[in-house]
């Protein structure tokens, strides 16, 4: 059993992570922290009463470094790199960071986020989509866990990368459940605002667009996210011109033939069928030289916590699906 | 007061239509029918108890022709043209047809729907988007009320029509509330299927695509509709390349400067803000030579019943906004 | 036309009130205020863009007293009595107060809320359920507009008051849409908390219980409110023992035979059928000497804003239904 | 490993049952049937694609009797007893029946349901609430799995049974998610009907009332169920007079101190916290001699499928929590 710590226990992704770790066959939770500390897990997440309890510490890098073989950082960007900077001093500690701090090239990061305080570790970080960087993850000390929008988008685009018509725009119209916005109170995520509603936000200027762009090598990403009245789930619709009249289903089947956590669908996927799991469900259809791809994930799991644990499994050489949720909550 | 009949009182659009007509200043409901007849309105729509009652007849063209100055047909395609064929024999009767039967050119119609039984009247029918064909509507005897998807899409595209890059694909990613699917029971519209879910249906092959294509003259329409877990409201996201670096807000403002029922938005529109009204809220944003348009309507009102009454107002020379709902249900 | 002011324009009830006043035949909006002021209505409630605009003042009692014949106070309790105290100095001004400040006897108020700063006007205030105090309202200068829970509960109980078995407990199990909690951000009203959930809050200790008790004269009110995942609407289920085997439907019909805004239902009411209106829909059923009553209202309208305008109509001798919304948003 | 069959694979409870059995440590699925048969599980429930597949047979009692040690019948009442009658001929087969057919005394059953065709086995059937009949279940051949409403109600009432004031009415106001109504299409369970709505149905005359009555021995059960706009979850509010001023929390704690699947709550329970699990969360509060109990379950799991598997675990002497879902889906 590897000893595991979690920093950021209070948010939605923190909770999902803890729920996975509770019954993981190879990871043992030994450290749980928030910025404030001082509670019990059962108080913080009353849904876990009688199921699992654990004291919550005030996050402390030294303690993590001494106690843990692995730490998950489920904290906001900027805060994350402050921890990583200190934690990377412990040579036997492996880190999976949920934030954007180590996902992008320095220049891209500083353009879209803020000044980076730890550029030296940026180069050591591996972007944690197993289907893209499995080998690199297996020897990484620091994995930058991807954003939810990029995960669903990149997995949809990857199989068709070599068929993208040169220079053509890639349109991504994405729809996310409200849990993706995190637990922080805001008018935008109040029930009355979201219920019976749909709207886009940050159209053509969301910070996940450069992440998609950098990881696919596609420059012309036009990305528009929407908030939909569901708690969890994310659907990305991707549209672009292709260079030849390919058979999308066959290409998808072949490309992902060895992947456990990608399901190729004969009909448009539903977020309900992936909710509660690490699956990405993908469907594609072609009309002439136009391609439409629909890619569905659970934004909190494949878009954050379960993908993080898959990455950790790979880092330690454990079977990839160890402890990973596979049974959807449907209906 | 003009005497008005409604055929198809039982569906959602029939109900919305009746609710408008109840307090219309120039139209008086004199005839209400379903295919079966024999009930009272209060029994059919118990929400109207103590508000308004009326006997429901078994639909009969002769009776309509003799009693009415105007009839609304809120019945499925194919059934509609059977009525229209008979009703056009009454030279003083005006007709607003909610179905697809008179919206398209014969060839297009027969390709996407079924054999047309009344092609001679097809040419007399005017497509009922007032912003597009106001003048023609004013002298029409038969108005083909548009589909909900085409209404939201066309109104979004129109102002930019001359800026569309030649031959470029137009992508429309549309999201509809469940009432758009009508009252007929189906697994797809059951609560358990729709709730906490989103999915596309008939991607790249929905019958509203040729309608958008024909009315805008744009051949390369790629249309993907989605069902979202809301009762009413529709949001269409439109993406395409343009020929020059225009200012979308200014173009929208100028194009719709005389229109009562189009609101130009500085931020992405919300379906909640148009629900309960005939408004179309439009927002557009440009990135280089890429344009993103977001267009929101109430699918049952601007997408059907209130637009139908606006058309009828125009046909009779009444002020366009007479009796038309303008106050959104928000919150 | 009577000149009307509104203090508290930013909340949900403020918005609903404004929406009614926009098209009221006898009231003219001349003053609109929030605690801060300095905006335009269209900015505060963007849903009203192109529909109605008005400058928003910083609330000032002197200005109200000089400009208005009538003012609605849609502000929290405690704040309300500060205004009322000042506003009652203007002898020609009539006031409808949405808060709890003038609903209860002094002793009751101070037990459940806070110290009262204006007890002298407490006795002049009339409790604004027209079905209960129509006559008194017609000559009132100050109307205390009832809470939403009390409105739905009291209207359900009233017809059976004389049949309540002496000393028996009255159980009220009420379910409210989230808009009833107001616009203030809280974890309890965030989408993720409320969606796919239901729970009671303040069971047996909600402050609306003494209000119901005082107005019905029933001492043994046991009241448990629940939050349900809908935006608007409230359903109160009421259970108690009765003294004889009465016919509930007949009693309801007779009791409310002259009331416009109460509908007696043959089947359990649905909140959807009253949403958007001032109606109260009531159903009752008896089993032996046990009575079950189900009472549905729109919490923001009959539970606040439209009932307030009905009260104002009565205060000025206008027909009670003047400008009052009667058409439900169903479906 | 015990060999297990499931009849009724197509419904919501059938799906939940299969999801539990897939990873059960002691039960091995060897037979899966619907009334029609002839499909694969992955086709019937596409959410299970790539997770688990199995051929679906046309239900046949002989085949079940020969292949299985245990069979779950997730079929409607009346159909169930036809199978049970045949299946009880196989002396080594154990049966868990989800229907109402073996839950009630003959007289009660025939009064509220239909004529019983298999009264001889009725007496052998044990009612499957483990907290009530654990010992009897352990030696039962036939377990009648309880209804969802009775499960949540009975578990709430049980600890207070001896404190119920003699002859006093017990009011149960229950709220259920829509999945409880099953998969059959109906206007009542369509999205447009349920969304933004709440209403009671069969008030004071639902067939679960006699079930609660018979199992608690309380004659005066007044039961009113409501449909709420959530997919899964059930909350029962129970109100009655008690004989003494007890401490509800202490009584609950003591009564359920050895029970794994009952959690005593300090605050009113939320259905979200039990969704996805076999837990029953209970809260109670007293005011004088009035008691309010709030009891929450997942209607498809504790209200059907997971409770069925707990019963099966007990029947075979396996640890009760074997394979039973304990981690809630929250958020």
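All chains are identified by letter, namely A, B, C and D, in their written order; residue positions are counted from 1 within each chain.
By our rule, a contact is a pair of C-beta atoms (placed from the backbone, for glycine too) under 8 Å apart; a residue touches a chain by one contact, two chains touch by 3 or more.
The structure displayed is predicted, hence computed values, not measured ones.
Q: Can you check whether chain A and chain D touch via the same residue numbers (shared by over half) or via different ones?
A: Mostly the same residues.
Q: Greatest Cα-centroid separation from chain A: which chain?
A: Checked the centroid distances; the maximum from chain A is C.
Q: In terms of C-beta pairs in contact, which of C-D and A-C ranks higher?
A: Output for the comparison: C-D.
Q: How many angstrom between the C-alpha centroids of chain D and chain C?
A: Here chain C and chain D have centroids separated by 40 Å.
Q: Please compute the C-alpha centroid of chain A, do the same for chain D, then give the distance between them in whole Å.
A: 36
Q: Any idea how many Å lie between the Cα centroids of chain A and chain C?
A: Chain centroid spacing, chain A to chain C, equals 46 Å.
Q: In chain B, what residues contact two or more other chains?
A: Only 12, 179, 192-193, 195-196, 229-232, 272, 331 qualify.
Q: For the complex, which residues does chain B have touching chain D?
A: It is residues 12, 178-179, 183, 185-187, 189-196, 229-231 of chain B that touch chain D.
Q: Using the touch definition from the top, list the residues of chain D that touch chain C in their complex.
A: 169, 171, 173, 175, 192-193, 195-201, 203-205, 220, 222, 224, 226, 228-233, 235, 237, 239, 241, 268-272, 275, 285, 287, 290, 292, 294, 296, 331
Q: Using the touch definition from the top, list the residues of chain B that touch chain C in their complex.
A: The touching residues are 12, 15, 19, 22-23, 45-51, 179, 196, 231-232, 260, 263, 265, 267, 272-273, 276, 279, 300, 326-331.
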